[in-house]
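Would you mind keeping the following structure in view while I ask a few things?
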């Protein structure tokens, strides 16, 4: 039986490819991404993570068992920890936490985070996990792929730290656990009638992730 | 295939029986229910309906299609109309709308209404319809049963109006439409893994309805 | 004392101006908007209204009194009625309701509608009314302004019907009632500490409305 | 200026007194509470805490700042830790975690937990903190009071461990932090118009807590 996540990725293959191979990603991999684009992205990604912690709180509220509640609680903690990488990098550019937090959210940040939260509030825990998956799983796929190129983890690549974070075993395990959670909860909640709606949710979420890269590249507000 | 609602009723048969044949119901049917008990019940039922309109708003928000949204919107309107029976009866006892609305909600009113609303916010539209069903469908069953007894619609029964309301074709059609909606949405959302959780929701809701009768009988606050 | 809505409009004056005088609006007013742009917009606006009916259901659920609940219920009904203008126009182009409903939501449609719904679910009824207001009140302002230009209601303007709808006394009264509701609920819920967050909500919502015009103009998906 | 929590306690003084000096509490304090009553209570309190972790997740989602989000996240963790006291005690009676979790929720457990969650979903973070406060703050008051009586922490009192837990500096600090959070957020969100609704929420919550003691005493399901 095809796993739900594989089926979604296959049925939104064009959108997925445009996301994981976006120009921003390629430029991260070969180190040619302009520093202002990366900085703009990273500040927004920090704001994004704050909203993602809220999304995991929604998942915790909706979890059907104590086991899934504990996983969501760990997710909240992992996200709040992930922000320290961001603040460390921002500090190295002279931006402190207060300055980062005072930055207004860009359209692309709002668009994806509110989409995920609303999907979770309207639906069940499977809906929110599917909406989160392009981020959680996609970053692991991107990190692993960039790490395998010649220039990804090269000492001369200014973005090697970032790539290392998401290619590393810690983050890869987070993504793998998330995939297993999706399949476990699909066993509980998925019906064939719901699949088209879940695919629409997934497709939108993947596009919103690609828009997030584009926001970085264009320095869009 | 057994219909979902029939299966739930069978698996919570003892609770269902205790609800639809509660002493309050029997005393309504033979006209022996003390008037203060009925008045206490009816004022609380008015407050209950206001919260039920909110529950239908949650169902509308969660509806998977425009068709189901329109049905929920009609539900909101039907409930707001149903309150006019209550206000008419209360007015005949010298209680105006302002006095009724200023009455504090009894524990039993809060218990059932918040349970239904929370079930809907946590879950999907099927969860909230199941939580609502002891009320929507149960009142139709009770109304029909009481109307068939010798004293139910008898001119000497002071509660004949109430019985007539729920035994009447208008309300019976509302309940029938609700049953069809449950089965239609079960076809969309139900998995066998979810059934025990839906049964727990249903069982709690049925008990909370029986507690509501008891609140009337005991004049409990 | 400055009314809340006036204060928000003043503090987001640049964004408000960019929204109500967007190129799409100007081209509607003088009749030069390309028909495909209008058609693309109108199909998306239909999908948008379906989501707005959900937003009003959230407002109904959150309403602090039966009076405000009834107003939200009327809002749901008004929106579902407003869609008939859309379907009538779409039908005249050979698009039936099924075709319209099967159209995927564009990014801009999702962005604004989910933002509004999430603002309402996270916050209180004042948050959702503020998030809705650029649409509800803005369309009335735009309609009235376009109707006053020489070409707005001119028989040769292919968009005269649309302008007439929003300039008409029916819609103007809806917008006026919405403004009064905002001020009434501000009297209940507004604190000065909340104002910056409400302004951020308003500003985002206004920008998302301008993006919606742009989506029409660019035929964006 | 009177603090919000003090004002609520004063305006619901009778209900507060009936809660903190409930027969169950007195019998805990002098060690005369029948063991089955305590065991019944404790198993239900475990189920209650699982739902309270969900309530804190709702508070996290609703928090207006990263600081308040981190506090809510700590609250979730504290609750999940608090359950270990319960499981340790249950294990000493031969009840393992699986048996405890398989116990159906009693009416009183459902009544209070769903009331709190729904108050939070309908309202803002202040609403949910007020609904939680009879539990969070009340247990600290009860623990401290019982510890000061001659028999509370006496080695012969079979409930000395329980009293010690809530009288201890760890729990007292949690309650104090919660009080400070309420006053901090009242500074942000409270209007005089909202006070009567907050008082109604508080009063209901206090009564539901007293009902929870009564459930233990009566071994009610």
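As written, the chains take the letters A, B, C and D, and residue 1 is the first residue of each chain.
We adopt the following convention: a residue touches a chain if its C-beta (ideal position, glycine included) is under 8 Å from a C-beta of that chain, and two chains touch if they have at least 3 such contacts.
In UniProt terms, the chains line up like this: A, B, C, D = Thiaminase/transcriptional activator TenA.
No experiment lies behind these values; they were computed from the predicted model shown.
**Q** Quick one: compare the interface residues of chain A with those of chain B and tell me same or different, with half as the dividing line.
**A** Since more than half of the residue numbers are used by both chains, the interface counts as same.
**Q** If I average the CA coordinates per chain, which chain comes out farthest from chain D?
**A** With centres defined by C-alpha atoms, farthest from chain D sits C.
**Q** Distance between chain A and chain C based on Cα centroids, please, to the nearest Å.
**A** 31
**Q** How far is the middle of chain A from the middle of chain B, if each middle is the mean of its Cα atoms, in Å?
**A** 44
**Q** Between chain B and chain C, tell me the centre distance in angstrom, where each centre is the average of that chain's C-alpha atoms.
**A** Chain B and chain C have C-alpha centres separated by 36 Å.
**Q** I need the residues of chain C touching at least two other chains; which ones are they?
**A** Only 61, 117, 121-122 qualify.
**Q** Which of line, ring, star, complete and other names the graph you get from chains that touch?
**A** complete
**Q** Quick one: in the complex, what on chain B touches chain A?
**A** 61-62, 64, 121-124, 187-191, 193-194, 197
**Q** Write out the stretch or stretches of chain A touching chain C in their complex.
**A** Where chain A meets chain C, its residues are 104-105, 107, 110-111, 114-115, 117-119, 121-122, 200, 204, 207-208, 211.
**Q** So in the complex, the part of chain D that touches chain A is made up of which residues?
**A** 50, 53-54, 57-58, 60-61, 66, 69-70, 72-73, 76-77, 80, 101, 117
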